[in-house]
Amino acid sequence: MRWSKEHIISIKDFSREEIDFVLRKSAEMEKKLNSGRAFSLMQGKILANLFFEPSTRTRMSFETAMKRLGGKTTGFPFSEISSEAKGETIADTIRVVEGYADVVVIRHPVEGSARMASEYVSIPLINGGDGANQHPTQTLLDLYTIKKEFGKIDGLDITIVGDLKYGRTVHSLTNAIVNYDVGLNFISPQELRMPRHIIKDLEENRIPVKETSKMELGDSDVIYATRIQKERFPDMQEFERVRGAYVIDMETTKNLKKSAIIMHPLPRVGEIAPEVDSTKFARYFEQSRNGIPVRMALLCLVMGVNF
Amino acid sequence: MRWSKEHIISIKDFSREEIDFVLRKSAEMEKKLNSGRAFSLMQGKILANLFFEPSTRTRMSFETAMKRLGGKTTGFPFSEISSEAKGETIADTIRVVEGYADVVVIRHPVEGSARMASEYVSIPLINGGDGANQHPTQTLLDLYTIKKEFGKIDGLDITIVGDLKYGRTVHSLTNAIVNYDVGLNFISPQELRMPRHIIKDLEENRIPVKETSKMELGDSDVIYATRIQKERFPDMQEFERVRGAYVIDMETTKNLKKSAIIMHPLPRVGEIAPEVDSTKFARYFEQSRNGIPVRMALLCLVMGVNF
Amino acid sequence: MRWSKEHIISIKDFSREEIDFVLRKSAEMEKKLNSGRAFSLMQGKILANLFFEPSTRTRMSFETAMKRLGGKTTGFPFSEISSEAKGETIADTIRVVEGYADVVVIRHPVEGSARMASEYVSIPLINGGDGANQHPTQTLLDLYTIKKEFGKIDGLDITIVGDLKYGRTVHSLTNAIVNYDVGLNFISPQELRMPRHIIKDLEENRIPVKETSKMELGDSDVIYATRIQKERFPDMQEFERVRGAYVIDMETTKNLKKSAIIMHPLPRVGEIAPEVDSTKFARYFEQSRNGIPVRMALLCLVMGVNF
């Protein structure tokens, strides 16, 4: 396959062939990474991290990916944006930044901001999360983790648990999964169900979908847990009750398939009990680590660097 | 010319010969930069960015310049200064930092702070802006942009529009321009006129100066627009009226000389309408980009690195 | 000696032989550093700086050390920790970060946090300060400064002045000094005396200790001054009185031994008068600078990099 994307804005822009290509190149990159040799693929190149909201791991993950490739990084953390600069349009900021860097990662609280920024910029741009909308590199590392574990994605039974209504990660993942032949289970409290337009989209793609508010995980190959955020609940007691009902603990793991894996985009705040970390099911720390080769591969692809 | 400055504190310290030398070396640097080859001129060297007030672009521009040269950067962003360290004198901070780095860029809200710091330090120091006082590297990139466009500075008609009273950038630029044979027009609201001591200085240097509050740009080769800051006005209605009167829009551009260019130190907040960006007059994004080769050249000059 | 520590958590974990080994390796490193050659010992390696409280110099010192070695750094400054991430346990954070980096420095306000974090991590970890508890690399650079000056530590008369009750630096230093044959003088206001358990520890190790509230420095080879923090005093007048009594000024230096040195962990806020900086006694800026070779040596030791 010849790579043709200059920007990575939304996982919806990816065909199955393109996703598979990224996963294959990520696997090649991980092999090189594990060999321990220092890379010089990005020597002399600079990545600008533009983070318009606080973030630690996405920023660090991209920074690490670029540095492992032999490149350098610049950028501004959220807290350093001067009040003048805060009044500036994204269009202006991005055109200034393209004078400094060779590739840019942008995270911005407004939906659509990454797409808009990409229209003004002449260097490759990667969406590091735009509001409740998209987080395509997270989705690619999620799929990479599944593929790495099972050797395939087709044929798996995938369960997503938690806040399905507001979770950016979960929406992006679902957008991607329509490309595969999987079974999907959505487990959430009634008030945090998956948006209807996504369900409709899945039905049109003939993905079998089950929705429930009960924690039934016995048939799942992949259990993908997500945070339930306090700020979604007007009533704290209600929040505590709901959160408690979707915790994955040692009791929960007793009913899992032997080969099942538990994933989480992290940070978790109580959704998975710490005791589960040492079980054979836990993959969330490895999942986070998989972000490095996936982002290294993506940086090379958008910049036209062969590896 | 032999370069003799260890520090870059104020554009007033520069003779015309020295400014011209910097512009010439910056042009050489830009040529090397455009060749796309990775530099190793600063290999193993560290630049410390000491920013005592929030800033994004000046910091990123110096960081990029150092990294493009093959060097590394360290420093503290404003928000990370611990309360203890905030009680420390600049003299102490700078002597600690010289133990970490090979060259230092300092931005500080107090006028004269850069000069003071330079008296304590045994490594080269560059002023990245001291209060309302000086911002010499901005001025050098401004002049570089003009020279690059017209091949010369002498003989040009230069108009500066906006807040001429408080604008650090504008004062530095005027300080430098006395070295050239130009015509100067200052356009501003009455309450934001250029300080009298600067006008006097220009008259002593026999620079023809016109001051007005009307937007007459028809004779100008260079239009340099600046922000009018809200906080200068006790009355918001008055601010809106004043700001509106000095906006450069498509209508304004109709009366410009065909060869005229519009500059702005950025960020802009409404002073230039976005439609102007795609006209042949707009040079503000290129101006920002010119900061990289200029700062690369300056870093090499103060550190005695030949190129 | 063969180095066996994977983590550097507390100076109490160090035998005299290990401390001496670090000081010897630091001296070798400083020699290499002064040769001016760029290092490539850490090429392709990444240090993660995890700072859960604001800090400028410890962070910059580690960053510089890593970069001087040819390595790269990542990390999060305190102000960038997202609210979600703030709810995360250190155990989770550290396991995510070990996926990004090859070595980690952690500063955290909670005592024991560094030790706890080290139990979850499979890459080397260095404590950059945990609350009022330990700051082992500061202690090693303090000892390095003394050894560099006198060629030895045994036989010296060492005086520590200021806040001995709450000072992390001073407690760590005292923990280390029990390994040497020195005389110790503690000078402090009555309310800020050294904790009894430390005095007891010294007595058990047969270190001669004098405690006083009078500034008698005539017999001291090393005077180690520390900050007296305002927030320890309910009454501001009392604070001013106490602080004033322990200032080292030109008058104080008249009574010092000719060969005495004055040290301070910095930042100082009035404990040493600026006039003292230019006397032959002042070593505090050099002390700070010594942090670079010491931390370079420690990074190499924990990562098993020969030099």
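Just so it is clear, A, B and C label the chains in written order, and each chain counts residues from 1 on its own.
Here, a residue touches a chain if its C-beta (ideal position, glycine included) is under 8 Å from a C-beta of that chain, and two chains touch if they have at least 3 such contacts.
Computed from a predicted model, the values in this text were never measured in an experiment.
Contact with chain A and chain C alike is made by B. Superposition angle, chain B onto chain C, using Cα atoms only: 120 degrees, a multiple of 5 between 0 and 180. Centre-to-centre separation between chain A and chain B, using Cα means, comes to 40 Å. Counting only residues that touch two or more partner chains, chain A has 77, 79. Listing the residues of chain C that touch chain B in their complex gives 37-39, 51, 53-57, 59-61, 63-64, 67-68, 70, 77-79, 227, 266-269, 274, 285, 288-289, 291-292.
On chain A, the positions that touch chain B within their shared complex are 43-44, 46, 48, 72, 74-77, 79-85, 87-89, 91-93, 95-97, 99-101.
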